[in-house]
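Several structures are given next for inspection.
Here come two complexes built around chain A, the first alongside chain B, the second alongside chain C.
Moving on, here comes the complex of A and B:
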């Protein structure tokens, strides 16, 4: 694999990403609305016993929103790759002087980088807001670890979306699968409520155990909680969280790369 | 020297054979026309040569590389302008072409100069920052062809480069393709337009239903049709029976048909060489000629000779 080839693919996908101006504008306003409106409302609705450790629901929710934004932006690459194959636009990329492995890995990486680029301002906002209310700032090393963990979530998400995009030629099926995945991963996670609270609901019998399990292994939970542990100090960081996102990234980067390699060998 | 050789190159889609044991040899520096009706298997052949799709059977050498064994190396010698423009709808021609040039290894100064040149020549300079989804089919096609004109690959493949383009644009692109050849590229031109294949190609391969029918220079292909040339003569007086017999005796004359007593149709080869003999014969017989019309066979006649169909008829099937 050549770095030059990968760099060109990154440029290709990043340029395309920024052309979806309306999508980006829509997403950003949605994220901001989520952050401000919902968080303010929920802060007053949610019992202090749940949110207490986090000072306010707003501070808890902020890393959650950051990671959903990351997920949505990283997931977009699948839609484009699905479209490329449906319309044989892929033939163009296949005719260029890239090796097949460069092409496959480059596209997965692009999706991950796009997630990070989109998320960066939100992460900065979250860090700033947290610092503003708590006067705590993570050390550069901690921040690096947060960014690294989020990158793993991002590239894993890109891999997941490419894997799904390549397993069906139908756009409808891709959209349906995307809907289900968004729903499951967003709501069975610590994005909206702390994992402790979800576990409590599981013990009470309010929430079925399988859903609790999904929330525990969900990379969005781990990603959000790693961010919280270094920004807010709670939940405390555990290497298992990092292992979880690393595993997620490894599995889906590999499946996506192989799915892409397999489909280009027609 | 042959720069591309195919050996029983075959592509099947399920049970359907799109390209059927194709054996071709393309010389370095020539414009090689691949002519055939829609569905003949031209695009499929080209996609195999660019290593976009894999052959089901057989192989091809691009330069010294076997496309099934060293596709990464083979691919580096080839550039292709696709039949259906492959453009992301949100892109602008400027970005499309700059990125393409960069990927193909042009330095930034070469890139600047060639992108500007191609956009200007193809009449796209004004629209270079508009996204291609606002473009007409012909404009998109020009962006697609520009990729190759800028890249100047060792082997340039153009798949129906002038469909949907107006006649002025067609001539411009033809000239640019010739110039590209003169710069040292070998050109493979797939087309279903007889005229385009005829005026541009050094050699033409005619394909039908995945198979190669025949391959030679356009001139030789046309000459190969026995009695393919036609001379029609209208005389001032009726021709005598023995004049017709004498005509038939001329070497290279294949047949003579008297449509009316003073209107003869002569089927022959090399009409331009035989015409003086024919006029002399009528002068000796004191038969003044009122008019002469000469016509050559076209590549369509060559196609019809091998398939019993005109290209247009074959496309309807």
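Moving on, here comes the complex of A and C:
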């Protein structure tokens, strides 16, 4: 595999990403509204027994918004790949001087990088906000670990998105599948509510155990909690969190690469 | 025409279920006791009623996208050839836009009413009539925006931004008592607040109302009158000389 070819693909996909300036502007306004309105109001409403360990619900929720933004941006690549196959644009890509393996891996990587590019200003804002309220700043090594974990979530999401995009030629079916995945992964995770609390609801019988299990293995939960553990100091970092996002990334990068290779051969 | 969006309809229904069955139930257990008191003893009912209004709003704004589709596919010319005045055309579009989303949201609304418990059918009837006027007004607003912005992309983003803030700066998800004063001031004049209040009143959740039912109905009537009027003015203006192209 040549790095030059992959670098070209990265450039191609990044340029395409910035063509969606309206989508990006819409996403930014949605994230801002979540942070400056919704998080502020819920902070006044959430019980200190639930959010106390994170100082406030606002500080708990900020890393959650970063993760949702990363997920949505990294998922965009699937939409483009689905369109390329519907409109036979993939034939043009196959005519370029890259090996098929470079093409397949390059697309998965591009999706991950796009997620990181979009998420970077939000992570910087979250870091600033948590530092402002807690005076706690992660060390460079800790920050590197956060960025690495988020990159794994991003590339895994890109792989998941491409896998779904290649499993159907219908754009509507892709959008529906994307919606289902969004809702399950967002609402069944520690993005909006602490994992401890979800487990407690599971023990009480309020939340069915399968949903608790989904929240525990959800890569968005691990990504958000790794960020929280270094920015807020709670929950404490566990290597299992990193293993979880690494497994998610490995499974979907491989699946998407093989699915891409298979579909271009057909 | 609305059935063209069958996948959007499925997605919205799933979003509604996820909001109610996951987010609503979990957050209901996370809030302070004070919130339960302010929301009349059950934040979940308060939230479920608000989400119905949010869904009605987000389904109704879709009419604006139809206007762009029609302009792209030459359907506007066909509509203009029909034996109806332009005023009737825009009024019909606004009513149709409101009605179709109302019909779509009706089963989900019914589910929420069953959850909360129907106490007074007469009140529900008044609330549903007011919600229909609200949907009619939202359709007028969407048509006004679609007619005043030529670029589909710009319309899309404006609607996204508007959606993000209009929903969050209303009492659909949280009571005004917990909003910072600046947000609470904006929420008081938000049409979604009026709609959420009247629906909650209809469902018997009086304890949580920000405005009286009369004020809510008045607010909704003003909202729909203003946007229907603006919709007619902009639609007529844009149709003149093929301005939609």
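Basically, the second predicted complex is superposed on the first by the 266 of 266 C-alpha atoms of A that agree within 3 Å, B and C clash if a C-alpha of one lies under 4 Å from a C-alpha of the other, contacts with A are read in each partner's own complex, and residues count from 1 in each chain.
Simple rule for what comes next: a contact is a pair of C-beta atoms (placed from the backbone, for glycine too) under 8 Å apart; a residue touches a chain by one contact, two chains touch by 3 or more.
Computed from a prediction, not measured in an experiment: that's the story for all the values here.
Q: Of the partners chain B and chain C, which touch A:217 in the superposed model: first, second, both, neither?
A: neither
Q: After lining up the shared chain so the two structures overlap, which partner does A:188 touch, if you call chain B first and chain C second: first, second, both or neither?
A: second
Q: Scan A:243 for contacts with chain B and chain C and give back first, second, both or neither.
A: It touches nothing on chain B or chain C.
Q: Name the contact category of A:95: first (chain B only), second (chain C only), both, or neither.
A: first
Q: After superposing on the shared chain, does chain C or chain B touch more chain A residues?
A: Tallying touched residues of chain A, the top partner is C.
Q: Quick check on the superposed pair: does A:30 touch chain B, chain C, both, or neither? Answer first, second, both or neither.
A: In the superposition, A:30 contacts chain C only.
Q: Touch test for A:176: chain B only (first), chain C only (second), both, or neither?
A: So A:176 only meets chain C here.
Q: Based on the superposed arrangement, let me know which partner A:8 touches: chain B (first), chain C (second), both, or neither?
A: Only chain B is touched by A:8; chain C is not.
Q: Taking the stated contact definition, name every residue in chain A that is touched by chain B in one complex and by chain C in the other, in rising order.
A: Touching chain B in the first complex and chain C in the second, no residue of chain A appears in both lists.
Q: Which residues, counting only chain C, touch chain A once they are in their complex?
A: Touch residues, chain C against chain A: 6-7, 10-11, 14-15, 18-19, 22-23, 25-27, 29-33, 35, 153-154, 156-157, 160-161, 164-165, 168-169, 173-174, 178-180, 183.
Q: With touch defined as at the start, can you tell me which chain A residues reach chain C in the complex?
A: 22-23, 25-26, 29-30, 32-34, 37-38, 40-42, 44-48, 50-51, 172-173, 175-176, 179-180, 183-184, 186-188, 192-193, 197-198, 201, 206-207, 211
Q: So in the complex, the part of chain A that touches chain B is made up of which residues?
A: 5, 8, 11-12, 15-16, 19-20, 88-89, 91-92, 94-100, 265-266
Q: What part of chain B is in contact with chain A in the complex they form?
A: Going by the criterion above, the answer is residues 47, 50-54, 71-72, 75-76, 78-80, 82, 84, 86-88, 90-91, 95, 99-100, 102-105, 131.
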